[in-house]
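Next come two complexes built around chain A: one with chain B, the other with chain C.
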Partner chain A sequence: MNNAPAPAIEVRNLRKSYRELDALDGVSLTLEAGRIYGLLGRNGAGKTTLMSILTGQGFPSSGEALIFGHSPYENDEILAKICFIRESQKYPDDFNARQAFKAAALFFANWDQDLADRLVTDFALPMKRSIKKLSRGQLSAVGVIIGMAARAEVTFFDEPYLGLDAVARQIFYDRLLEDFALYPRTIVLSSHLIDEIANLLEHVVVIDKGRIMLDEDAESLRGSAVAVTGSREKVDSFINGHQVLHRDSMGSLASVTIKARLGETERAMAAELGLELSAVPLQQLVVRTTMAGLQNDNNESVEVLK
Partner chain B sequence: MSRVIKVAQMQLINKWTFMGIPMVILVGSTAITFAIWALLPASAREGTLYSGSGQAVMWYFLALGIQSLTYTFPFSQAMSVSRRTFYLGTLGLFAVFALGYAVLYYLLGLLEQATGGWGFNGQIFALDWIAENNGAIQILFYFVAMVLLFMIGFWAATVYMRWKATGLLIAGIGFAVLVLGLVGLATLNNAWPQVGAWFAGMQVLGLSIVLGCLCVVLAGGSYLTLRRATA
Partner chain C sequence: MAAIDDSRPIFIQIAELVESEIVAGTLAEESQVPSTNEFAAYYRINPATAAKGVNLLVERGILYKKRGIGMFVATGAREKLMANRRSAFQKQYVQPLAREARKLGINAEQLAGMIHESLTTEASEGSVL
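The block that comes next holds the complex of A and B.
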């Protein structure tokens, strides 16, 4: 018997096919408990489909999705540990926010009404207005408040910032980190805005066209690439042998992003050559890596065609 | 088990839907009936006055069946409630309400008889063919009728939730074909006299049992449909 605790989320070769496309095309993932994950990808990449299946709301065509080692489908014991408010969540037509929170307090054992009240004030959410009359941002706030105050062991946020203004978004990120520090749990933030949430993330999963393009620790990902800027010839000789993720050049200057972890000697060498080394923002990294992955795919398929 | 009860509590968060509106309909429709009776010229008031306004609340239950699924099921999914728990909690709550209203109808029927048909010699709740049975059968009949209407609404909403308009269309056409088939069968076999006699011979208890079986079929069908439905 394996005595290690089951991971919070485990996905094995998950597929979901619709008539015209594969929303998920053989996804496998293992996410340990107690961390903040970013599920990043473009619109239509399969983020919501994946989360729906992980919360027992959607059905896979094949493969397995497990929460703490068990399938969540029709499993109340496991479901009680999960919270997933979808981006397009529907509420009972006659509900206002106060009633929605009252319902959430019934079902989520760790519900914190004080936190919910504080967030309502922070987001200036009207409590008595019917939910169907709320603005897009206010609707997102209802979902965010339920997701946070529920303190579920596994919490999914589905594009939580839609319609929220910059101040409200910052409040959400700050409160989430504060609360996470006090009550560590597994949080999955799905997003197509990467830079904004980059500081929150401990681990990054990038999904595109139903496939996992990247599944890496945020810290090691941040150190995995570097931008080299300087005179073109010197840059070219310096980066020789490294995988190039992106290249910008202007006149005799070039700025090249390479996938590499530079050691002390290499850094010293760069300084000697008069090259500037700079960190690459997470968003750039994700975009470049994803696009490089797509190009590789395309090249392979071209070769197969030949 | 406790989550099943919580589903019932969730359905009751807006008390107006389950408790307020049916009461308004009941009081309103009865008051309107009284007003109409009072306005009738004396010549029209001879003999017993009949009204179908007692049905009004029952038809609201059809709408309630649709509402309690379409409005609340997607939300219950976000509350991490399994489909089975949602189903048991919603139907359980409704059964309790239907029983409550059935008893209320029975009591209103008694009151109606005691007051000489509300002073108008009228019949709203104690319709002869129902009121001639004993109390338990009357309550059973009202209960089954309400549950049946709720189940029709609930099941139709489940079919819509799972297969959208196509599903509802196919179910509707299927039902029409079935009815047509039965009518055709009776016609071809010249069986209408027997069919008529069967209906005429059926007492309130028999009717309740037949409708009750229909409720069970609809309830089973709803559960199987809901199990694979996505919000």
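The block that comes next holds the complex of A and C.
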């Protein structure tokens, strides 16, 4: 494993321009094999465009997108290692779920029918009804089951949960973790429901307006910011010198999120000043960092992340 | 059962949870601790993160690995953890208490009285929340 194999995914200076829009504006990324990645961002940020290119379903305007060191485009050997479940995955019109799974079983060498059967029971998916007649949630379940039972070396889930209720989503997350623990592989979960998937992720990539805003291990992000609340003057003197991610104020009160890990001395000092320190969940941190990055766009480019 | 949140590194929270179980005696010395995959499934966290938490305790000599079998609580782990907690007690609990008391105008004597009362009633009632 330490033989420095090609990373599962490598993207170098990738651009994709449509007539008036840069969907990807110089994206570079390296994703290691055997990890769960979160690809987070708002709708229209470029997530789907990036995954389409990585799975050989689209061309970049320039730059490189490699899977295990090779371009996926019209490369059967690489494509056989990839599974991409789209938000609105299409199936042949007259197929039912059973037929869709049969077709997937033929394509994916590691297909596990037992796992598929178990998931069908978990999601209570009707197997004989035409896919066209399934509910939105059931349609998503078909995609989720294929994506998991395929056990592809690199699996992309693009917002796979549309129409799935909270219980069904939890089943998806739980089964995914269980199966990943037994069969580690590279999984890219694209989502805007950050808080739901945060604990599953080993690494977080945030994309906005076609650019990478954040590319960091989830564990080093957790606890890397703190919200300081109290009287404005005291807050301001306390946060002096730290990078500010966000500021709220109400009358003489201020609550400021700073990028900092405070030591014991600083915590004691905050307590003496009567300042409240509160932890910032990953979801908020991602939102704050993204917004702070956008604001800095207008000034000269500031290194936001480190 | 304590829940995991994502506002602090999860591996530290996992380590703390295991430590608390050891201090409370639910995880006895020389007993086997759950596997990282069991931790991951139970707390719904990434297995690599769970492994990091367990390894932290191995580094600290709280847990040790039996090859091919799993992780076990080291002999002496409980006493070690209790000693750590005792030395952190003043900073973690007494100082904030004193700070709040000062803010509310509770003097040292009154505070001592309250502490004494809590200690004796809790001891007779058991630790009911």
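Here is the rule we use: the second predicted complex is superposed on the first by the 294 of 306 C-alpha atoms of A that agree within 3 Å, B and C clash if a C-alpha of one lies under 4 Å from a C-alpha of the other, contacts with A are read in each partner's own complex, and residues count from 1 in each chain.
By definition in this document, contacts are C-beta pairs under 8 Å (C-beta built on N, C-alpha and C of every residue); 3 or more make two chains touch, one makes a residue touch a chain.
The model shown is predicted, which means the values in this text are computed figures rather than measured ones.
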Touching partner for A:Pro281 - first (chain B), second (chain C), both, neither: second
Partner chain(s) touched by A:Ala166 [first = chain B, second = chain C, both, neither]: neither
First, second, both or neither for A:Asn199, with chain B first and chain C second: second
First, second, both or neither for A:Met250, with chain B first and chain C second: neither
Chain A contact footprint on chain B (complex, rising order): 3, 6, 9-10, 13-14, 16-17, 67, 71-72, 74-75, 77-85, 227-228, 230-231
Contact set on chain A toward chain B in their complex: 52, 55-59, 73-76, 79-86, 89-95, 99-100, 102-104, 106-108, 146, 152
Complex contacts: residues of chain C adjacent to chain A: 4-11, 36-37, 40-41, 43-49, 52, 91, 95-96, 99, 103
Contact footprint of chain C on chain A as seen in their complex: 35-36, 173-174, 177-178, 180-182, 184, 195, 198-202, 218-220, 222-223, 264, 268, 271-272, 274, 279-283
